[in-house]
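What follows is chain A paired twice: with chain B in the first complex and chain C in the second.
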Partner chain A sequence: MKKRRCKLLSIILLLLVLLSGCWDQKQVDKRAYVYAVGMDMADEENKFNITYLIVNPEYGSQVSSNTNESPQELITFETNDLMTSKNIANVVIAKEITYDLLRVVIVSEKLAKDKRFIRWMYDATKDREIRRDSYFIVTKENVSTFLKVNKPKLETRLDQYFELILKRGIDNGMIPDMDLHRFFNITEADADLALGIYGTTQGNNEDTGKVEDQLLAGELKIKGETNATQFLGSALFKEGQMIGKLNAEETRITILLNDTLEMSDVLTTYPDPFDKDFRIAARLIKKQKNKVNMKIKNGSGEINVTIPLIIEILSDHSMVNYGRNAEKRKELKKKIEDNLSAKINDFVKKTQEEYKGEPFGWSLLSRRHFKTLSEYEKFDWMKTYPTMKVNVKVDVRFGEFGKQGEVPNLKRVRD
Partner chain B sequence: MLKNLVSFISDKFKIKNDYPEQLSTDDIKLKEQNIDTSLKKNIETFERIYFIPDNTDVKIRHLFIPGINKKAAIIYISSIMDTKIIEETVIRPLQNNQHTTIEITNIISAESVSTAEKIKDALKEINKGSCALFIDGEDQVYLIGAANFQGRSIEKPENEVSLLGPKEAFNEKAMTNISLIRKKIKNENLIIEATTISKRSKDELYIVYVKDLVNEELLKNIKDRLNTIDMDIIQNLSILEQIIEERPKSIFPTILNTERPDRAAYFLEDGFIVLIMENSPSALILPATFWSFFHSADDRYQRFLYANFTRVIRGSALFITIFISAIYVSVTNYHAEMVPSDLLLAISATREKVPFPTFIEVLMMESAFELIREAGLRVPNPIGPTIGIVGALILGQAAVQANIVSPIVVIVVALSGLSSFAIGDISMNFAIRIIRFGMIIAGGVLGIYGMAAIFTIGLFYVVSIKSFGVPYLAPMTPKYISSNDTIFRKLTKNERFRPGYLKPKDVTKKAGDS
Partner chain C sequence: MEQHTGKIGIREYIAMVILMIGTKLADDLPSILFQKLENAAWFTPIIAGFISIIPIFFLIKVLSQYPKTNLMEILQIILGKPIGYLFVFMLWIMGLAANTFDTAIYTDIIGTMYFTETPTIFIYIVLMAVSAYGAKKGLEQIGSVAASVITYIKVSLFIALILAFSNGNINYIFPIFGPGKWEVVKESSLKVSLYIDFIYLGVIASYVSSTKAFTKGTWISLIIVIIEIPIAMLAYLCLFDYESVKLLNYPFHETIRYISLGFLTNIETFFFPFWLLASFVRFSIYLYISAVMFGWLFKIKNFEYLIPPFATLLVILGMIPETPTFTVADMKAKALSFATPTFFFLPLILWSIMKIRGGNKNEKKEM
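Up next, the complex of A and B:
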């Protein structure tokens, strides 16, 4: 009797597992992997154009290297939301559309500036498959054209290209490390400004006469045969709506001031204090966190920030020989500190006056100065920030002066 | 009509008895009798029992002993004894005897002589290779031990290969095996107890233990278990193992079978009990924990760092064997988002032209691997290499080229197969391989969730197993005083305790401390 019951129970358990399991089983090779989703303005009201970049796994793989298939498929159509579009795409795409591999969400500038943008953007939080760590990119032109023109020369597939170029750009500090999660996070906190990676394929052929730091994507003149796409600078979002663009220098300042953003391999130039014809090349290293001092007093406040920086001087065109000359080093240090703090303070002022908000993550640091949440909410960081007194100081320490510290005495060489 | 049919069928199925059953009560009665004083009658009895002269290797030789002027006869089985000894120590001294009042035992110069009064007892000794000497007019028989069973000599271990350790292995002679252990433990406390465990073939079992270490209750428990055995024949230890283990249907082995005397000696010194039997090229060590199956002999002999490195490799191999195929199945079916994009695309690309679902594909290849393994084991030596080539080539490359399986599956299955060999113990190896299939099914049905569930249930089970009262995962869980030789081992000089879960009489290993 006991044995029979045991058998019956095990059969029931087995059936339970067999009948209930497998329901979301999906074979890897029966799916179409969307690597990038693009969102554009549509002609019709309350709809948007969606662009799918579907990568072809077979392209470039060893097994089927003799395939003639193209590396990717690109389709654009009008949709109501991010979910139903998966079904609509199957009109032309043979396999089931999946966002499992989605790493890049691209929005055109025009749509990003639209008031309805945030409503559509929040679809990304609804779908189970969309990863929150997907890169968030804003393009100058329509995304459909951006993806069509984007033809990397050396990377076999677009997914490799995106992965690599965005990683490099973030390391260099040319673009901010922004993903969907951070975008939603900042938007929901409603105190800071969010950033997006800025990119374009539309080159600007006229010479802007700016130093490379002050450029935006599309403004850098590059000759030769290469991909037309450029990622440089960032798009600024306030309350889920794009309000401006930051060039490379402003992006780097933002990253310097915001301790939640990171850059690791930053090379830049400063005007040479000893010979104004030249600029000195320097590597910026930030090892410690900023010292942020806040004083919140009834309705307004004061923020004092010190940025600890280690700077390695990599070029010495004026042949000053910094490694051997303590006086000159001191002077250089002061000049760089002044130069940097002036630039940063200017930018901070610009955020206060022009954007009326800051992308530096300071609202998070301010919370500890309030006793209760309602007190903080009443303070309304976004509204109060423009009236605050902000003072940023840079504290420079020199690292090495290139692999060889010394430069020869020019007079003696030319003699 | 129907009746006819029924009777026809029952006629057809009636068992025809060509060989009518015979009772052996007469024989049994005969064997119960005492030895008779008449030599002639005794010889007749033994001729009848041994079926002489049909039984070719049982020999009877008639003698005349001068001096005491008596007729005598010896009976022996020539194939299992050393006839030279008999000739030199029995036949020649008897025939050359000139003393008139000497006792028989003093004439015979053999090393062991005993007497028996019952036919039954004499038969038992003759069957074991003794020579029986009957003297006319005496109602007892002299039994001279000269057994010499044929067998192989000591050879290298084949299953438990060690790089640095001793290269001797047990062979089929129990006395050799005991000698090999005694060689390692030269101590008067090493006890070799013999008991007979089967009713008909009278198989002898030697219980080996160190008296001043072993826990008496554990020993009693094992002896009790051995005493309850009710079997006609137990040919060797592998069969005995299946009879005395606690859970014969369990997937995990609970008795360690080793062919290395050094390992047996090591366990004896820790307070374990070793069983040795004639005809078994191995020894049983009990109780056994999971760790004793996981460890190998070389772990002891290699230096601390190297041994632990090997343990890490073996541990990861264990998990690779169990999980890798299952992870592949569940990731490709349920959790595609878990994989790095490049890898996912690579997997997807290789699967594009494969007709079967991953689950079937993996099961197919795993079974094929098991097939090669089993066939390779049974195949006669000269054909061996062919099987290897056919298996590797056909099932690997050709299957991929024919788009039957994807190359990644070949890698996964090869990896899991290769890793399974890292677990040296044959029983544990089987357990792991079977678990692997369970995992693949769980992964195919419910993904990683299913695997986690099965693994958890498995853990519950492993923790619940006991081997002769010792928890299977001791001393890791539950915790006991011990040298903590589990996943890693300590420095040899820091191994200060015997395993506490055995409750040995002396738990510290160092003479100075006790």
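Up next, the complex of A and C:
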């Protein structure tokens, strides 16, 4: 009898152990989920302004869609770091702040250009809840204004909006596929330049006269009733500090040259070689990796890159009928290759002269040419790169010429 | 007692050894290795593995000369009573120290990476309670648990590594020799003791169904861990690059936090339970071996009653160091280099003395 009691008691006591699993228990409706964190320059020295975009998980979910609460909440205040700010926010926010659903880290251009920026940025690696695959965005204006103005018309749930628009932008090659992980990675390796997604809500209503490829966020003129936010181009970082901006075209060139970045659905235009007034629409497909040939010898080197590209011609405004005309196809191919190669080589020259570093990930490929780390570190890729001879060639193969390969003969139609 | 007369088969034995040593790839061992050898750290488990073939070969030679005898008795037979006793005592102290470091580290992993609010002491108590319960059930039970869970554990690890490789960049492994060829060989040979667990297997060798099974099982598991640990370290390297991987305390846990499976993010909750299972089995074996050795040292017949007090002792010892992430890792790194000579020379000494004395006399008489 006594033994049985003992057993029962010990079983009950054992059940108590299971309760310890509840120590870290958190209830969804008692937490405030920060979806985006913004960082701005503060007035006070060595502090920064933090902006929290808190999403409401109740809003728009199918089960309880009849909530009257707003889909998000936005607060901005001054803070010392990313961690203590969670407590300060509770002065106005009723629930416990958590970074569990944090997907977007946004930094204003002004702060990104500051020397102290990297110190604050490393807070993100310290906090357990911040995931390294969060998107990394740089905005032209203050992040507090950016998030206030950003009001998508059709996606009231901002988490959905960011996820979709960034995904599309990355697929199109308009913005680079950059997350915190890559940013830290490149900064720590100290050989290449890192990129950030560039965005703004400050539209520019003047006509810049640029082709859409050469635009940067905020420069695309869009009429109608829509969200003012634009994501286009990228911010360039050197040693953890922003040093410049790349427009859409430069961003695409970077993605083309950097095999660790990807784009899948790229449409673009080229000047029509047969009629100066028009531009040809084309789809760029890159299926193979670049052929990079590197020669490294005593303190400098030479890089030869060949980019294999498949191009589908989508429009034919000069009505040349490439499909049937092998001669003209050949000419077009040559023109596109020359045009692209020239642009790419110009940009490479720009990175060597202006930025003194490259965002193409070539330092990784160069590592193969060294036997030990000390040799590699002594070579100092970032310092040596501007003195290197770089030559980029594009190798174009034509794909299809649109669903309908041919257009009618213009002369006969006009007749 | 009934439960200890039972023997374990080769399958159970291999599963136990792999869980004991293979689980090291998911704690702070990779980060200790990355500190010195940077992007060439993945050579260490391979080189150390090949070097450790020598001591393991001689250990097996000695053990197979004395079937049905455990390591402690063999030590005493070969080295004489007082010296043998001293050696066993030393091995036991080393085992206890390693156990303390490891349990402290595992508690720290759970505390910093998963359950941040739960008090450390409580995580420690639960971890040790489960392991002690497992150990008290006896070797046979631990073996069958190990054999039944190992497939799931390794499949989950395999998935994690595949995802890590697909997200990573293979160019990070270059320059291939890291800090230099000789540096790699030197550092690796200092860290041979990462396979020191094989010596402790001598303690339970007599529980394995046959000498042949023990020999075969030991070689097979050595081959598996020599393949497994470097691949995992390569995966961390390809995902994080050498500069960043040096900054991480627990690369495996950072890896499973970073990777995602298509639209499924936060999949660490899938891998964590398997890792926990492996840890439980691992510490159960350690506790069991510790208790066997202690029982032998002080002539305690029912040594399984020592397991709960040992577990308690480990909790108390393991709670002492402040910020275990760094202090314990430092101690562990030093202990790894310190234990290497013992691991390398002990079997050699045993074997040569045995040969000089002319082998096992009892065995010869029987033949």
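By our rule, the second predicted complex is superposed on the first by the 393 of 415 C-alpha atoms of A that agree within 3 Å, B and C clash if a C-alpha of one lies under 4 Å from a C-alpha of the other, contacts with A are read in each partner's own complex, and residues count from 1 in each chain.
Here is the rule we use: a residue touches a chain if its C-beta (ideal position, glycine included) is under 8 Å from a C-beta of that chain, and two chains touch if they have at least 3 such contacts.
As the structure is a computational prediction, the values presented were derived from the model and not from experiment.
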(message) Quick check on the superposed pair: does A:Thr98 touch chain B, chain C, both, or neither? Answer first, second, both or neither.
(response) first
(request) For A:Tyr33, select first, second, both or neither according to whether it touches chain B, chain C, the two together, or no partner. (result) first
(request) Report for A:Glu45: first if it touches chain B alone, second if chain C alone, otherwise both or neither. (result) neither
(request) Could you tell me if A:Glu353 is touching chain B, chain C, both of them or neither one (first, second, both, neither)? (result) neither
(message) Just checking: does A:Arg368 make contact with chain B only, chain C only, both, or neither of them? Give me first, second, both or neither.
(response) second
(request) Scan A:Glu225 for contacts with chain B and chain C and give back first, second, both or neither. (result) neither
(request) Go through the superposed model and pick first if A:Asn185 touches only chain B, second if only chain C, both, or neither. (result) second
(message) In the overlaid three-chain picture, which partner chain does A:Asp277 touch, first (chain B) or second (chain C), both, or neither?
(response) neither
(message) Going by the contact rule set out at the top, does A:Asp159 touch chain B (first), chain C (second), both, or neither?
(response) first
(request) Determine where on chain A the residues touched by chain B overlap those touched by chain C, and list them. (result) 17, 24, 131
(request) Enumerate the contact residues on chain A facing chain B in the complex. (result) 17-18, 21-22, 24-29, 31, 33, 35, 55, 57-58, 61, 63-64, 98, 100-101, 103, 129, 131, 157, 159-160, 163
(message) For a test of understanding, state which residues of chain B touch chain A in their complex under the given definition.
(response) 332-334, 336-337, 341-342, 344-354, 357-358, 406-407, 444-447, 450
(message) Touching residues of chain C toward chain A in the complex: what are they?
(response) 38-39, 112-119, 122, 126, 129, 169, 171-172, 174-181, 240-244, 247, 254, 257-258, 260, 265-266
(message) Looking at the complex, which residues from chain A come into contact with chain C?
(response) 17, 20, 23-24, 125, 128, 131-133, 181, 184-185, 188-190, 260, 364-365, 367-368, 370-376
